[in-house]
Structures are given as structure tokens and as C-alpha cells.
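So that you can tell them apart, the chains are marked A, B, C, D and E in the order they are listed, and the count of residues begins at 1 in each.
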Amino acid sequence: MSAVFGSFSRSREKAGDEGSASHPHPNPLPQAGEGVVLPGRAPLLTRTGWTAFLLALIAVCALAPVLNLVVPEASPFHLSDYAVALVGKIMCYAICALAMDLIWGYTGILSLGHGLFFALGGYAMGMYLMRQIGREGNYKSDLPDFMVFLDWKELPWHWTFSDSFLATCLFIVAVPGLVAFVFGYFAFRSRIKGVYFSIITQALTFAAMLLFFRNETGFGGNNGFTDFKRIVGIAIATPQTRMVLFVLTGLTLLGFFLFARWLVRSKFGRVLQAIRDAESRVMFSGYNPIGYKLAVWTLSAVMCGVAGALYVPQVGIINPGEMSPANSIEIAVWAAVGGRATLVGPILGAFIVNGAKSWLTVAAPEFWLYFLGALFIAVTLFLPNGVVGLLKKWGKSA
Amino acid sequence: MTYRFLLLLTLFLAGTAHALTADEAKAIAVGESDDRIAAMNKAVANADDRTAAFLQALVDDAVKTAAGQVYVVRDGKGSDPVTGAEVPVPPDAEDVINNNRMRGELDTALAALKLFSKDAKLRAAAVTELQKDTDPSKLPLVEKAWAAETDADIKERLGLVRAAVLLSGEDKGKRLEAARLLADSRSPATRSLLLQRLKEETDAEVQAALQSSVRSVEASLAWGERAAAVFSGISLGSILLLVALGLAITYGLMGVINMAHGELMMIGAYATYVVQGLFRKYLPGAFDWYLVAAVPAAFLASAVMGAILERGVIRFLYGRPLETLLATWGISLMLMQLVRSTFGAQNVGVENPGWMSGGLVLGNLQLPWNRIVIIAFAFAVLAGMALLISRTRLGLFVRGVTQNRPIASCMGVNTARVDTYAFALGSGIAGLAGCALSQVGNVGPDLGQAYIVDAFMVVVLGGVGQLAGTVYAALGLGVLNKFIEGWAGAVLAKIAVLVIIVVFIQKRPQGLFAVKGRSAEA
Amino acid sequence: MLTIHNIHQYYGGSHILRDVSLEAKLGQVTVILGRNGVGKTTLLKSLMGLVPIKSGTILFDGKPIQGKTPYERARAGIGFVPQGREIFARLTVEENLRMGLATKPGSTAIPAELYELFPVLQQMLHRRGGDLSGGQQQQLAIARALAARPKLLVLDEPTEGIQPSIIKEIGRVIRMLADRGDMAILLVEQYYDFAQELADTYAVMERGEVVAQGRGKDMEANGVRQLVAI
Amino acid sequence: MTPDLMEEGARRASAYARMAAKDRTESGGRHAATGRPVVPGEVDVAHGRILYLEDVSVSFDGFRAINKLSLDIAPGELRCIIGPNGAGKTTMMDIITGKTRPDAGTVFFGSTIDLLRYKEAEIAQMGIGRKFQKPTVFEQLTVYENLELALKTDKGVRASMFFQPDSADSDRLAEVLRTIQLADSVNRLAGTLSHGQKQWLEIGMLLMQDPKLLLLDEPVAGMTDEETARTAELFLTLKGQHSLMVVEHDMSFIQAISEKVTVLHEGSVLAEGTLEQVQNDERVIEVYLGR
Amino acid sequence: ADDTIKVGILHSLSGTMAISETVLKDTALMAIEEINAKGGVLGKKLEPVVVDPASNWPLFAEKTKQLLTQDKVAVMFGCWTSVSRKSVLPVVEELNGLLFYPVQYEGEELSKNVFYTGAAPNQQAIPAVEYLMSKDGGGAKRFVLLGTDYVYPRTTNKILRAFLKSKGVAESDIMEEYTPFGHADYQTIIAKVKKFSSEGKKTAVISTINGDSNVPFYKELGNAGLKAKDVPVVAFSVGEEELRGVDTKPLVGHLAAWNYFMSVKNPTNDEFTKKWAAYAKAKNIAGHKDKPLTNDPMEATYIGVYMWKQAVEKAKSTDVDKVIAAMGGQTFKAPSGFTAKMDEKNHHLHKPVFIGEVKSDGQFNVVWKTPGPVKAKPWSPFIEGNDKKKDEPDGKSKL
């Protein structure tokens, strides 16, 4: 037998010889790419996409204000204040879900700490709103009430610029952004990945929650901030102010959506997805993933911060509960329900989950958790690509 | 107090006794505390066995009154405290209520009565009781008992009590002797006593003796405190370990981001509760041993639930770990609500069996039995699990299947079954953790939520899939947490630990026990 | 031993295997050749039950197995060396071999002859599979499949990434196993000379179809080399 | 001082001496005198070497995978590396591309760039491309997107946000697509390609990167003889403008492309020369080719 | 429909607070059922609208808005934690709703739209500490203020500190410790308490530990051998329901201060506990059907529902302003055995204070009580500047 194999490798080498000699490659190497159809650039939105976008824009900027403020309450077309508040709140959540989609859906980094950024934005806004109360609090003092009854004599240093709306706007972006940037820089530089990253984001938000719970930290302890009266000098609890906030939130959501859409269909977006699939290959292709991750991570945090800032004046309270690990997990849940890496999906997910929650806590206060739990299980089992996956499937078969 | 002891003294020195009267019993049982105490002291001065029995009944909350009559009620049967004869108790009889002060007085009185008991245990208990009080009026009593004592250990402790009393005496020699004697004490009370005396002491020689005794007492106390801190760290660590072990399988090995892990623990805890209820109802005599049955029951209950979850949901999600997060989150919500609707939203009570109550006393160190048992239990579970995973075929298959499911099945492994077993095992261990937790904390629908974050932290910090890492992480976090808590308080300690985790992962991005090399990427 | 009848297989919408029929006999080496992406691996995966087939039958030892799970097929006596090695990266070499023994009772020892065939495995018995070099992993994958002494050995490009001297060794082993007469061998191979050397029968696939079949001896004559090259 | 420490000290001292000596021989102490400005990121091949490894060692848990390996490659050269399984070929590539840090030794790209000081991405940016032994492509991206990502451009964050392929880029993409025969699969997800197709795609990505030095780990594994030949052809056309280091076990392929072959064994060079020389080397036959 | 009056019930039925709040929902439902059985209010049946704010504070605000604007409830009974109340407050005030809040709290708040039927600090904390300092209470000289780190304990302890100071207790005789929410490991804290108590005079612990942490705290306390005789613990958030989860034998003698105990003996309470037991059985309320327990917030809820009914009948309308005006001075024979009275001005109840010692069956022995109901001081005199505060909410309508 060995004789057979003894000749074997030689015969192969010979074959190689012959291969290149007797068959001068039947498929000569093409010299140029003529005849190859390259895919064109995908548009920012498809035609139906633009239509839907415009409809949403009209709904937010024209329809909702008119139905709420102009149409009389008795009319069946009247949009109740309650509905405005609810949708406004959910739109804030939707921004978070969108932010989560960028970092999780596209980049594959599951953050269990986005609640922190949301809360930081919220607190920045909350501090401003507290200062806007002025002397109308319980104690008629310049200081926020909670400081008075905890015996604080003056504002702590970190409240310095809280009375300026401009500074507040800056903080809303800068504080979550900076925290995310610093945290992300070290984490990504140390090549912390996957669940290790998820867990430290969770630890971060958990630690922040405990910190904010402490009265000494100077953020009102577990009660947080409530009882806001004014924003930029205008009374906050009027339908008009609420509608303005609603429209602002809607525009922010739509704006962020367009921006995210532009981002993910750029090469930047594809690098993100490549990082998600094979980070080391990305490095060997000459990209430094740290910059990319850091950029999208910080952006995502800023989006959450803005969402938080819009949320606080609408719901009227910010407290450390927003930093609880469960809240951050929920953001991921919205994204997953809607369908990751689709942008529309997470927004939809936020609406479905929170809408269901609002409805079920009234319709079935003792059983709603069964429904919600079952929804999550059903989505994972039957809709691996989320609700959007299902819609796409229908779209295709239709 | 002085007054009472003088009375007691006369009693013991004179050795006369006379029987309890109905009026006395009534005076002791009803009225304002001051009057009751006075009445009791009078009765004790002439105490006989009936008096002692009556006082004991008062301590045990077994006395009722109705229409000026006093009854001792034990096991539903009433008796007359004076005669001991059985008498019917009127239905409108009210409990005699003793407040803390009353109870304290009763205990001291009983202790004094017991100091001369024939039962060494009773005498020992009496000495312990007396140690708390260093009234000079006790001296003759203590001295008499000390002289009569035959048991060496009790004698020594009585000696300390005696010394404590002598310390504030007139006689310099005795004070000196007492100060020296007390150096051997390991009780914090002694330290404050010595310090107190030091403030008042004028004699230089005694002062020196006192100082050296204080140092020696403080040294042994400090040892106890340090040991207590280490113990509490290990104890917290053992709980973290138990909580994380099951997750080390379902998540660490199988890759299921099991948000329902906490609820599986909760099921184990409720199983323990149910077993406890069954024992109380059907085997009250063996109640102390209900845990022996509860451990397997908790394991099984959670394991079965785990198996159902695996068969019904998880198995469709292998290879999609992030989806398991969503599904198990849903499961967790449903399980919590399920428990709320079956057992109620409030906590349920799980008692420590008798042998797990109280603690092991070593000087000023008291190590609670329930914690000692849990530490041992955690390590037993760890050992069992480690053996199973690394030494058995099932363990091998679990590891193989979780790494490469299709190929494992091509090797002839029934992957579906192995998956179910593995998930059930992890869930069962969660159940065991729940059973253990029921002995130290709440059993309620939220039980799991309180631990889920910690469980993930431990598993991840140790390095996913690394059992040894899980152990080190759990114990490390436990000790670290308790160490920091000692000087920074519980809130800052918790924050600090979380921050340390964040920083630590920077240094070890794959956890404590990272898989290194190529296999990590494969 | 193995008879595949008219199987069809799809990935989503794309038709990958079209009406493939094939036979592998005891004591014979059946070689499947074909260019990249024609469906060779898919065929083997269908055979192992790793991907579902749409229609057709697979008879093993006379019994249909197309409805069975992969592990049942393994228990029936099929050993599989997958393309790309697919060893258990975080199990040690020894544990990888034990996984290969999953169909046997727990006490079965790892056959010593495996170490004779692949001495490097013995040297690295306690190293993690994933740390081995590519070629070492390939050797491990073959040894793992042989551990349980299957009746049908299925190999997907076993020479990929292996040094020439060991390729020869593998060739020898395959021949020897076939010649022992108690094993059928199904070999997918791109390495033409190696395939030709070993083939008792051959089949050439193209676009999911078997386009040529014959006896190994006739391969050269039937112009199989050119067939594969087009 | 323990003996261990003393040994370590001695080793370091000698390593330092060697470094210093090497500095002298490398440029003859003439850095300044030559007046060649050192352009950061620019590969200096004036000394006739594009890649230079000296005395590189690395061990894993005590196992020496690379053992005092020294090797150099000239610009435009096509070097074949062969050697038994486990000889350390892949590990060597890991070291060059920054994936593995060696325990000792020096690795230079050109004569000025100390590769050990750079990270993977930077090394790739400088112009070292790599094909892995196990084909790795971005499975969730299409074939086209895979190639576009690899395209040689500014790979910074901002640049990629605003990146638009120009016509030259498109031509290049089309050309490579045809070269790798995936022109009709542009929109397929890379994850659905067969093993061999992935190999090709990965080679295509390397071509897009247009690196100065290509490291190819078993590029023809899983290819038919015909495709092997085509690959050989391709490599031969690359040779000259590019330097290539090819690891293969397929001797016919080596034969088709090789001028100089290096045989690695147990982490260091066993033999070097033309294929013929190497093939007739007894030791090579013994450990690698077999009889 | 017009023939019913809608009543909102705003208690968490899920999430962390469900443990405490669920039973308040049932208590309110029981009271409503009783009222309906006797013909309702103003000839109309009460229609409860139950929602689940799920222990989520913003959700409390949302649900409140929904109850007030969508369901148009006449009144709401709800909230437990102060933060939930604070979250609801602006909404109730804006929409001029009516909320009955049944839990003891830190005070420092008055709203015209809220009636507080739980205790203010002077109706619970201060009397408890006074008792501890009394001879019967053990004559405590040193105090450990132990709480969960949030506003209620912090504020209460601040008030207590001021109070203790006013009684001549030195700073060095006060130790203050806080634990995070859900803290479950009290080993270190108990060791500290032990040490502190061994350093001198008679020590007592004043616990404002939040519900969840109490079981681990008491279990540790029992096992560490700290007996009530040596170091008594008086708690403000531990009632019958919290002790359900503990083996109380080692805890005998530890104290709690409330305005109601299940064990108080009087005909009203007998009836109340019997009704609750029957209701729990009839409605199959998990836990309570086998072991019915009542506690202080349940009593406060019960009082609240009935007082609102009386006020509505007095006002002959469910109009919020009219009902608010009619509430002042309402009285109700409460299960505590005393007649609770709604203060004419400050929206808090006049309630008796009881100090109870834990019994081995998880009930409390009342060892001390005030001679009669005590008026609430929502603005604690121990907080600076409060002496100038009006004992009446702002903007109360002049109806």
C-alpha cells in the first residue's frame, strides 16, 4: 500500500506542473471589471419611507396640536391631554430605543446602562426646572424644598449653572456624552466586549442609582425632583406648553431617526456592523474599532440624555429609579421586540410595549404581567426579527 | 435593684421559704410595672418552687387573668398558680402582658433563683444573666454561689462576675485582684466596666492594673471583631456563590442570558415554605428537620420548572443568546405574577429550624448558625457541581453541547436531552440557593430581583464559563464588600464595590479567570 | 451500507441539492468531487441531519434515516469529520476524543491506535482543542470521528490544512479502514490526486447535481479532472 | 537574587547589547548622515527588506510556539512558508499583525517601523494585509459591502461617515469582484457563501486593501485544483508591486508560485532555499513531506 | 354610567411595592363593597377603578392623570412611598383631584388635594422615642438611628436627632447608619450596633428600615443574640404584615409604634378583623385567606374611605372642593378603638399612638398608648423655620 502512496505526492506535484503547463488557465484573470453590476447607493428613505415619514411629521406637528387644542373636548376626534402625555412619554422612550438600536442592533454592544444617560439628561433638565420653581415651593426659599428641610444653606457647587436654560441645554448633551465618552474610552481601550461590557454598564448605572439615592449627593435622594412649575418662564402645566413639548419630542424623534438612518447607511454604519460580526477582521482591515465604537456609543448616550430631558417636564418627575438596572434592560427589550438593526423596529417596539403596558395596567391590573411576559416570549419564539421582521415578511408575501 | 438583692440575700442566707399566695400572684401579674416589680421581689424573697414556676410562666407569656383571678395556661389547659390544680379558664381571660422591663426583672429574679439549682445548665444560664449586671449588692449572693460552685467553668465565670462587683469595692487589694482577674474576660461589658472604673480610680497601682487589663481585653475583643468581619465577608460571599452557581451553568456554560434565574431561586424558596407548612401540619414533631426535606424539594421544584422552560422556550433560542434575554425577562415577569396570585403579594414566613437559630459563641464573637450552615451548604453544592461538571460524562456533554451543538449531536450526543438536563441542573441549583436564602432573608415574589444583578456580576467577574472564577469572584466580592462596609457604611460600600468591578474589568476584560489564547476566540 | 435516493435540499429559497442519489458500500471508499459551492458540504450535512431535506430518502443499513436526528444517525454508526474541523475549542484534546465516544457506554476507553495514527494528539492531550494549530485540529477531528468505530465514515475535505506527510498517513488510514471491510467511507475531496488514489467509486457534483459517477479506476479515463476544472 | 532573576537579568543585558549592535549594523549608525527623512507611516525599504524578524520567541503556558525565529522578506518578493502542522506559521503571522505579543525579539516593517509598538489596526493601515487560516468575512454584510469596507481609503470615523466611492473605486471593486468570481453574488450576504467562496472573498478583501505586504495563511485550502491554479496565477501577478508571504501545505501550489521557500519547524527556520533544495532536504522530508 | 360614582385605587400590584400595597387595594375594595351593600353614597353605588402603577413613579403620575381625566374618578385612594405621592401630587393639584394617602410619612408637606390618614412624625416617631426613654421603656440613653437610605428615614432621623438633643442626649450617644434599598446583609451593621451598645449606657435602636430589608434585619438580629431586653429595637415600618415573613420567637419584646395594631382589643376592631377575614376568604385573597392580618395602613385606608363617604354625604356632592370643605372635622369610630378625627385645617387625622412589643405569634402587645388621639404636626417643630408655617394647605378654597 505504501507504494501506492509513495508515488502519490509526486504525482500531485506533477499534476500541478501539468496543470499550469498543459491547460493555460481556462479562466484568464480579468483585467478590468467591465460587465459587473455594482449595487447603487441605497436612498436615505424609500418612497414609501418618505411618505410615512411625512405623515408622521404632519401627525406630530399639525394633527396632534389641532386635535388636542382646537377640537372641542366633546368631539370624538378630540385628542385628550392624557393621550398627549402618554404619546409624548412613549416618544421619549422611542428615542432611547433608537439609541439602543445604534449601539446594540448595529454595533452589537449591549448596553445595560442606557437608563443612566437618560436619567442624567433628565436630571440636568430637572435641576433647571427645580430652579424655575423659584420661591413658590413649600418653604418659600430660593433653594429647592428638599434642600431646605435637609438644612442646606446654599446651593452645592454642582448646581451652579442650573438656573440658566442655555447651560442646561449644554449639560443635557454634555453630561451624558462626557460620562459615556470617558467610560467608553477606557472600556473600549481595554477591549472589554460582549457581556463583560454589558455587565459593567449595569454596574455603572447601579452605582449611580445608589449614589443618587443618597440625600447627601444633592439630587433630592429617592424622591428626586417633582412639582415643577415653569419652563423658560412659562407655566408648565398648561395644555399649550405640553403640546409644545410634545411637538418638540416628536421632531426630535423624527430628526434622530433620519440622522440614524443616514448614519447606518453610510460606510460608518457598515463598519459598525462589521465590528458586530468580526471585530478582529475590522482591525486587520485597517480600521481602529475604538474610534467607531466610541463615536456611536457617545452618540447613543447623548440621544438618551436628550430623551430624558424631554421626558422630565412631560411626566413631571425624575428620580433615581430611572437608573435602576431593570429600566435599562427594558430599553433593550423594546428594541428587541421591534426588531434589532432596523431603526423603525425599536421605535415601534417602544410604542408596542409601553402602549400595551399603559393599557393593560388598567384593563387587567392583576394579570397584565402575564400578557406582557407572554408577549416577550412570543416575539422571541415566533418573530426572531421582531415585529418589523413580521411586517417585512407580510410585505414580501403581499 | 439594690433593695431587691438585699431581700434576696436575706432569703438565701436565711434559707427560709414560704408558699406563693393568690394575692401575691395577682399583684405580680396585674397593675403598673412598678407595683408588679415590687410585689415580685417580695414574693421572691420567700420563694418556693411554685413561685419559680409562676415566674417562669410569666416569662413564657403563659399567664392570663380574668376577674381578678390569675391562671397559668399551658398547652390550652389552665391551672391555678397557687395550688397547681387544674382549673377552667374563663373565655374572656386576658393575656398578662410583660414589657421589656418586666421581662428583665423576671429574668434576673429567676436567675437568682436558679443560681443554686442542681442543674449545671441552669446555673450557667443564671451566671450569664447575672454577668450583665454588676450591682455591688449582688456581692454576697455571688460570693456564696461562687464558694458553693463545683463546676470549674461556671466557677470561673462566677469569679469574673465577682471580680466585676469587687472592682468598685472599697478594698484596694480586692480592686487590684479584680482588675487583674478581669484581664481574662472577653466581654465588651468588661471593657466598659474597666474604663468606667479607670475614670474614677485614684490609686496609681490599681490604675496601672486596670490599664493593662483594658489592653488585654481590648486585644481579645479586637481579635473577635476582626474574625467577625472576615466571617461576615465569607458568609456574604457564600450567599453570592450560591446565587451565582446555578447561573454559572445556565448562563456561563449554556449561554442563556437567564433573567429568570432569580425567579427560579424564588421558586426554591417557596418550595421550602411549602415543605415547612406541610411539616407544621403533618409532622410537627419533626419540624426541626423540615429543611432536610426542603433541600431536595427546592431543587426539584426549580429543576422541573427549569426543564419546562427549556423544553417550552429556551430550546428554540440556542445560538441566539440575546433573544434569551428577552424571553427569560418575560418568563421572569410571569413567574413573579404567578407567585403573587398563588401565595399573595406579601412575603411569607420561613422559620429557621431550632438548630439553625442563635449562634456559636466564641468570646465576643457570635457566629449565627444559619450563616455557618449556609457557608457549609454553599461549599457542598459547589463541590457537587464541580464534580458533576468536570468528572462525569454528563458534565462533559454539557460542555461539549454548549460549545458546538450541531457537532455534538453528530458525535451521538442527545443534545436535546443534555440541554434539558443542564438547564434543569442550573435551575435546580438556583432552587437550592433559594432554599438557603429563605433562611436569611425575605421570601416574597421579589426575592429573585434582589439577587439577579449580583448573580450576573459574580459570574461575569469570575469569567464566563469559569467555575473557579465564580468561586473567587463571589468570595472576593463578599469579603471586599464587608471590609469596606466596616468603615464606609453599607451604601458607600455597595457603590465602591460596583466601581471596583468596573475598574477591575478594565484590567481583566475577560474576567478573573479568562480563557486565554486562541480557544477563547473560537 | 448507505443509499441516498433523489434528495432535494433548499436554503431558504435557493435550491441547493437537486435530485442527488448516491451509494456507499462497505469496504469501499466513495469519493465526491466538485468545485466550490456546488453543494458537497450541504449533501453531507443533509446526510447527518444537520440541515433538513425537502424530499428523498436516505437508507442506512437498509433503514430509512432521513427523519432521524443527528445523534440517532451517529448512534446508528455514522462518524463525521466536518469541514472546518469544528472541534470543541474549550475542551481538551482528551475531552474532544471522549465526545467522540458519546455513542459508547461511559467506560469505553479511547482506542490507543488513535494515538499511533496521530502522535501529536497524545503529546497535546491536555491542551485545549482551540489552541491547537489548524492541522492539529484537523487530525483531532478525524481521530474524534474514528473513536467510536463507525460503520460509515463521512469526511469533508479532511486534507485541508494538513502537512503532506500526514496527508499520506491519512490516506493510508482511509485505505486500511476500507480494506478491513467493516466500514464504508464517504469522502468529499477537492484534492484530485488524493481522491483518485483512494476512490473505489466516485461522483462528481455540479450545481447541486451529480453529473458523473463511476469506478475509481476509471476516473482518469473519464476525464474527471477536467470535469472538476471547468 | 534568585538564580532565575539573575538569568533574566543576563538575558536582558545581552538582548540590549544585541539591540545596540543591531542598530549599528542596520544603518551603520548613519541615521542622520544619510539624511533620509523618516516619514511616519512610510515604509522604508532602502535596506532591501520589507519585513524583518529577529530572534522572536513566544510561548503559551510554557510551550514554545516560536523559538528564536529570524526571517526577512524583500520588497516585491513572494515567499512561501511551509512546515509541519504546529510549526508556528500562523503564530508568526499573529505576531506580525499585532495579534500576539512576542515574549522577545524584534519585528520591523521596513527598516524604521517597529511593529511591536503598534496595534492591529495601525499595522493594517501601514500596509500589511492578512488572510486568516479560517476564512473570516463579515457574514452579515453583502459581498459588495465586504469589499467596500476593505477598500484602501481614509479609515477614520469622520471619513467613513461621508465616504462615497468614486469611479476609480468602483472600477476597482468591479475588477476585484470579477477576479474572485463573485460578480453575480454582489448582493448576497457573505455568510451564505460556501467555504471556498469565502476564501475567495477574503482574498478579494485583501486585494481591495492594496497592502504592501500580504500575509496569506493557507489561501487555497478547500479550493479545487483548478481554482488553486487561478490563485497561483493571481499571486504571480501581484508579485513585484507587492510582497507576499504565503503559508500553504499544497506543494503543487507552492511549486507553481515559489521562488524561495522557508521551512519552519518547532518555531524556527529549519531550511530555506528553492523548493527543489528544500524538497530534497532530508530533515524536511523527515518532519514534513514524508517518504 | 351616571348611577355610579367612580373611585380610583392607585396601589402597586406588581414591582417592589406590591408586597405592601396590594393589601391596601383589597382593603379599599372591601370598604367600598360594604358601603355599596348599605346602599352606596348619595344613592349611588361606588364603582372602583383599580389600576396598577407597578411601583414605577412616573407611571403613578400617568395613572393619576388617567383616573382623573379618562375615568373621571371622584376620589383616589393610593400611594405608599413618599416618592409616589410626590409624583402624583402635581397632577392631583393641577386637575383638582382628591387623594387619600394612608401611610405614615415624614411630613413636611400639605396639599389641599390630599388627605393624609397615616401618621406624621409626631404621631409615631416622637412618642416611640419618649417611651424608650421612660422607665418602662428601659430608660434608653444612647440611640442608634438605623434606616434605609431615602427621604423618609433621613427626615425622620433628622427630626429625632433634634428631639433627642432637646432631651439632652449627647451627639456621641447617637449613631446613625443607612443601608441601600433591598439591603439583605445586616451582619456588619449588627456588629456595629453590638459594639456601640457595649460601650456604655442603655442603648436602643430606632429603625426606619424599609419593608423589604426588615426580614433579613430581624433574622440577623435574632441570630446574633441581641435581645430586646438588652437592646430594644423600635421600628416605624414594621407591622403585622412585615412580621409575617419572620420567625418572631427571637424577636419577642422588640417594639413598633403605630396608630393601630391588629391585637388591640375593642369591639370595632373585632368587627374589622372579622370582616377582613371573611372578605379575604370570600375573595380568595392569597395569603390572607389562610392567615388574615390587618395593619395600620389598612386601617388608615379603611378610615379614609369611610370619611370620604361621610364628607360626600355632608357636602351632598362629590365635587372635590365641596368634599374638601366637608372633610374637616369628620370623625370616624376607628378600629383602633378611638374616634379618629380629620383635623379642621391640616388634612391629617387625629390618631392615638400605640407602642407594641412583638409577641411570639407575630402580633403585638400594646405596652403603651396615648390617652387619646394626637393631633398631627406635619411641619415638625424640630425643623428650623417650621414654626412660621401655616398649619393649613395653601389655596384651600373658601367654600
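The criterion applied here is as follows: contacts are C-beta pairs under 8 Å (C-beta built on N, C-alpha and C of every residue); 3 or more make two chains touch, one makes a residue touch a chain.
Just so it is clear, the model here is predicted, and its values are computed rather than measured.
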Worksheet entry | Each chain counted as touching chain B and chain D at once | A, C
Worksheet item: Going by the stated contact rule, which chains contact chain A and chain E alike?
Response: B
Worksheet item: CA centre of chain A versus CA centre of chain C: separation in Å?
Response: 48
Worksheet entry | Cα-centroid distance, chain A relative to chain D, in whole angstrom | 40
Item to complete: Report the inter-chain centroid distance for chain C and chain E in whole angstrom, where each centroid is the mean of the CA atoms.
Response: 74
Discussion item. So the centre of each chain is just the mean of its C-alpha atoms; given that, what is the distance between chain A and chain B in Å?
Written reply: 45
Item to complete: Spell out, as numbers or ranges, the residues of chain E touching 2 or more other chains.
Response: 13-14, 149, 178, 180
Discussion item. Going by the contact rule already set, what residues in chain B reach two or more other chains?
Written reply: 336-337, 341, 449, 491, 494, 517, 521
Worksheet entry | Of all residues in chain C, the ones touching two or more other chains | 131, 164, 167-168, 191-192, 225, 229-230
Worksheet item: Which residues, counting only chain D, touch chain C once they are in their complex?
Response: 60, 63, 82-87, 89-90, 133-134, 192-197, 199-200, 218, 221-227, 249-251, 287-291
Item to complete: Please give the residue numbers of chain A that touch chain D in the complex, ascending.
Response: 6, 9, 12-13, 15-17, 19-20, 23, 25-27, 29-39, 41, 263, 266-268, 270-271, 273-274, 276-278, 280-289, 291-292, 295
Worksheet item: Which of the residues in chain C come into contact with chain D in the complex?
Response: 11, 34-37, 41, 83-84, 120, 127, 131-136, 138-139, 157, 160-169, 190-192, 225, 228-230
Discussion item. Quick check on the complex: what are the chain C residues that touch chain B?
Written reply: 48-50, 69-71, 73-75, 80, 82, 86, 88-91, 95, 98-100, 102-103, 106, 128-131, 144, 148
Discussion item. Applying the document's contact rule, which stretches of chain B touch chain C when the two form their complex?
Written reply: 393, 396-397, 399-400, 403-404, 406-416, 465, 515, 517-522
